[in-house]
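What follows is a group of structures, each given as structure tokens.
In the two assemblies presented below, chain A is common to both, partnered first by chain B and then by chain C.
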Partner chain A sequence: MKQEVVEIERVYARYTARKVAIILALLAALAAVVVVVTPLGVASVGWGEVVRAILSKLPFLDVESGRRASIIVWDLRLPRIAMAIVCGMGLALSGAVMQGVLRNPLASPFTLGISSAACFGGTVAMVCGATMAGGDRYVVIASAFLFGLGALVLIYGISRRRGATPEMVILCGIALMYLFLALSSTLSVAGPAAGASFLLISGNLVQSSWETMRVTLGFLLISIPLLLKYSWDLNALALGDEVALGLGVNLRRVRVVCLVLATVIVSGIVCFTGVIGFVCLMAPYIARMMMGNDHRLIFPCSALIGALLLLGTDTLGRTIGGSFEIPVGLLITLIGVPFLIYLALGRRSYEA
Partner chain B sequence: MKLEVSDVCFSYGSRPALDEVTLKVEEAEVVALVGPNGSGKTTLLKCIDRMLKPKRGAILVDSKDVSKLGSRQIAQLLGYVPQSAANVFPCTVFDAVLIGRRPHLSWGVGQREIKVVAQILKSMGLEKMAMRMFDELSSGERQKVLLARALAQEPEVLLLDEPTSNLDLRCQLEVLGLISDVVEERGIAAVMAMHDLNLASRFSHQVIALREGKIYAAGESESVLTPQNIKAVYGVEAMVDNNSGRPHIIPLRPV
Partner chain C sequence: MKNKIRFVAAVIVACLIAGAILPIPQTSAQRTITVEDSLGHEVELPYPIERLVTLTPVALEVAWALGAENRVVGIDQFSKWNDEFFLAFRDKPSVGLPPLPNYEKIIDLNPQVVIAFASPPLGYPKLENRLEVAGIKVVRLNFHDPKTYDREVKAFGQMLGRKKRAEEFLNFSGSWVNEIEERVKNIPLGERVRVYYEWIEPYTIYGKEAGPSQLITMAGGVDVASEVEITSSYSPFPFAPTAGFFLSISGESIVEEDPQVILKDLMNLLDIVFFGRMAPKTIGYTSKPDIRRMEEARDEIMNRAGFGGMDAVKNGDVYIFAPSPEFAMSPRWPVALGYIAKRCYPDRFEDIAPESFHKEWLERWYGLEYKGVFVYPEE
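Here is the complex of A and B:
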């Protein structure tokens, strides 16, 4: 008897160790991709130049670097790569949160229309004269957040209705997504800030800089500790409201705090990049398959997969077309659509 | 005394659901709540677990007033087993049971938590399925896992909402047998809402019949499960055979 108890413990320890190993492997993969991707692009730099440009900025090392290489690496490549990583992580995290809270594997800021509502909010602010420069950008982000929140409240209300199925919620979300995309397009075409805000629609990372990255990262860093704090509550929620209630989970607080944080993260991304879909749907799904039902691990795993996906796709988008760039939002759709169809067809049916 | 419920009243809006319910459950005692749909069985269980807040009355677990405890402390005293659970996301049986440790955890999972879960799985004969996916189990297996999850809370009182609905004959006996064993071994108490009067009579020490939110009859199964009471509570004419030691109920027709 004692023997068998030890056996279960051993098997579970191995299961946990494997999950941690996967996360470490993803971290290593992300580092490797950054190294591979930095020299790639329209303005080419060699490996040696990249290394020298990076070392030259480090203190206490007396390494000289050419001015051109230094500008390409530090002002073009690295901020773009950093922005792709931060945005990928943020989108994946917000998707993981929304899936967990709504107990719906098809949920994400994209499929619930929250990204596009936030995008519309940002566009409205820009058409009204706000810009993404300096402190003004927080006005745009706040406007994006308010519209995102509006969509969230609507979707949440629908999901709480008696007899609402996960599919119903997603259908309403996709309807909202089209509504806000159409509204954004209309405003962009008609409004005075047409040039600037039209960029928002296809979803791209062209406007990346250290500064935009810092803003987006800020919102992410504020949200992560709270989300991790609620990990166990989300684990309990996965087995149903009654199980969670019976374990002393404050359902209302968990739902409101987590969904609002996810919307904050999305708003801080969408104003710089426009709507980039599917990352927020695919990354958490894959993470859940590997991590089981432990949000303490689902969150980091999902964030790393999101970063890899967005960085990989964005690099492809800015290199395969030669001198013109394919927006990452379009390219990710090519991967995302088959994935969504697979999800819709292959998923087991729900119970209770 | 493990559980004392005194004069509990509850209503959904203006519709009364429980009216001055009073009951006592001792250590190692299993109580069956019977009564027709809407008679207040589930509502009573939820009031005891403070998922619903009673309008009046007091609930004491181990002489502690539940209304004065925090949600985490309540979850350490009372384990609730719902009729069914959601299973949307992939989750191993071990992790599903581990979730029951939440009231005892801060954030990390220590060796002690793993040990508690492993021992519960082993004692319930679930060790073979520890690494299987919860959503791939049969409904009988799933019910056992939900019971294991509530036991992982190490509660003083188990509250079970129709633990045998949707189960086949063999699983009904297995699940109720597990509940009896665990209540006896751990010296805890269990209150379970039930539809099957024969199972209620066989697996409980005390039967409480609810009608329209009030206790109609309470006591040993022989005194509660009588043809008169069954007629009054369910509106069903029944024959009761007391020859086998426990009352055996044969329902005849609605009246």
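Here is the complex of A and C:
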């Protein structure tokens, strides 16, 4: 008996080690991608210049760099890369949370209409005169959060109905998504902030700066410890309500706190980037395939995959067409739609 | 001795004369100029501007007219695609599409100033903020609005140190515009020709603040759309909704207004999306003019439901114009004005030849040979 337990523990340790190795590998891959994409861009700034520009701002190093290269690298490229990583992580994480809580592999802030509701909330605030500059931006984000929360309550209510199937929930979510996207475009046509708010709809990272990155990162950092704390409970939840209840999980609190945190993260992103879909759907799904059902591993894994996905796609978008930039929201949709169809068709196997 | 004194005096006099005639070279880096753009921003710029990026085809055209083509270091993608007209700028790098300019490319080109639209607010998201770090100034000038045209061209001329040329250019276009306005100023309101200027889709129009509506008024006509209740703002570009600039109206109200002349902007969304041109390459400034698409557009209006009883349709006064961004809303709007006036009042403008004026414009200010098709039917 004891030997059996030791054997099981050994197998589990090996299993965990493998998963941790995958996460470390993803982390290394992300670092490698950052190194590779930083010198990429339409400006004629070579590798050497990029390296010099980066080193020139680091303390204790006496490296000189041209002003132009320094601006391009430090004010445009690096903040955008950082923003892609932070947003990719945030979106993927919020998707992982929603999939875990609702036990629905098609769930994500995008497919549930929460992103577009938040986007609409942000647009409402902007049309009312708030801007994304200074402290005003928190008004916009709060408005985005409130509208996102509204959509969330609606979706949560639907999903708690007796006999609600996962597909039904997603269908309602997609209906909400279209409703709020249509409302956002109507508002931005009518409003005085037309120029500023149209960007929210198209989904891109063009406006990234260190400041926007810091704000988004702030929301993410506040949410991560709490989410990690609840990841145990989400694991129990994955086994069914009865099991979770039996294990002493406060179902209601876990669900509400996790979903609200996911909405906070999404609101902090949407106000700066607009609705970037599919990252929040694909990354957690892939993470779940790699990590099984352990949310302690799914969260970091899907965050890393999300960062890789968004950074890779955005780099493609900003380099592939020369000066003619392709918004990352559009590119990710091109990848995401086939994925969603594949998911929808292959759902049976997932359930099995 | 006397000769020596004479020689020295002559040298001194020669030096004084030379000093008076020849400009004293100044270090241009230290000189600045402040201009007010069409958003009311006061922008301080180095003087004269030696390196600029134009984010709109119209700004590029005016820079060209002012003889500053060699100072343009980057152009927008629409100008790049219109390579037959902007042949002289074929080798200039593109900085992307106006709604989503590539900041990195702009900074890389190191211009002193970027010229962008003040309206329509086609995005240019936070252009000023993003370029500020690199010390690049943004000046917003439309060049498509007759109300602000003179002031904008003058301001541009000042920035470029081409004040005199800007004045000559404005005199050239202004005398033509004055001539037209002079001939129609005494027409009583009740006798003015009612004109309907249609944009890209049926029943879409420019607002009355935009150029085409003003051109109709300047040509002695009445813009019927400006009297109709506006049903909604319209934009065919989901990424660039622009309030109040593009509008849609109900077809019924146009039928009710019964215009005597209909003008239609030949623009096509598919051409814009797939070829980056406002219309097929065979329309506008082109060496391969082909009027088929213009004929189709005209036939559509002539046969549009409810239009049969209209004066304009009955008399065949339906004219298709080259796309407005390259014509009625370009810096060459005076040419379009000439055509509108002539179509509204053929008798009053019998001796006026917009085509010759256009030809002279292209040759004199751009060094271009006149070719292409801008209005259909020609007469």
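One rule holds for everything that comes next: the second predicted complex is superposed on the first by the 341 of 352 C-alpha atoms of A that agree within 3 Å, B and C clash if a C-alpha of one lies under 4 Å from a C-alpha of the other, contacts with A are read in each partner's own complex, and residues count from 1 in each chain.
The rule is simple: a residue touches a chain if its C-beta (ideal position, glycine included) is under 8 Å from a C-beta of that chain, and two chains touch if they have at least 3 such contacts.
Owing to the predicted nature of the structure, the values given are computational and were not obtained by experimental measurement.
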Three-chain arrangement built on chain A, chain B and chain C clash or fit: fit
Touching partner for A:236 - first (chain B), second (chain C), both, neither: first
First, second, both or neither for A:45, with chain B first and chain C second: second
Partner chain(s) touched by A:206 [first = chain B, second = chain C, both, neither]: second
Most chain A residues touched (candidates chain B, chain C): B
Included angle at chain A between vectors to chain C and chain B, based on C-alpha centres and rounded to the nearest 10 degrees: 150
First (chain B), second (chain C), both or neither touched by A:105: first
Minimum distance between Cα atoms of chain B and chain C in the superposition (Å): 38
List of chain B residues in touch with chain A within their complex: 49, 51, 70-75, 78-80, 82-92, 94-96, 99-100, 102-103, 105, 107, 114-115, 117-119, 121-122, 127, 130-131, 135, 146, 149-150, 153
Touch list for chain A against partner chain C, complex: 41-45, 68, 71-72, 75-77, 185, 188-192, 194-196, 198-199, 201-202, 204, 206-207, 318, 322-325, 327
List of chain C residues in touch with chain A within their complex: 77, 93-97, 100, 102-105, 107-108, 110, 121-126, 130, 133-134, 232-233, 235, 238-243
For the chain A and chain B complex, residues of the former touching the latter: 1, 4-9, 11-13, 15, 99-100, 103-105, 166, 228-229, 231-233, 235-236, 238-243, 245-250, 288-289, 292-294, 296, 348, 350-352
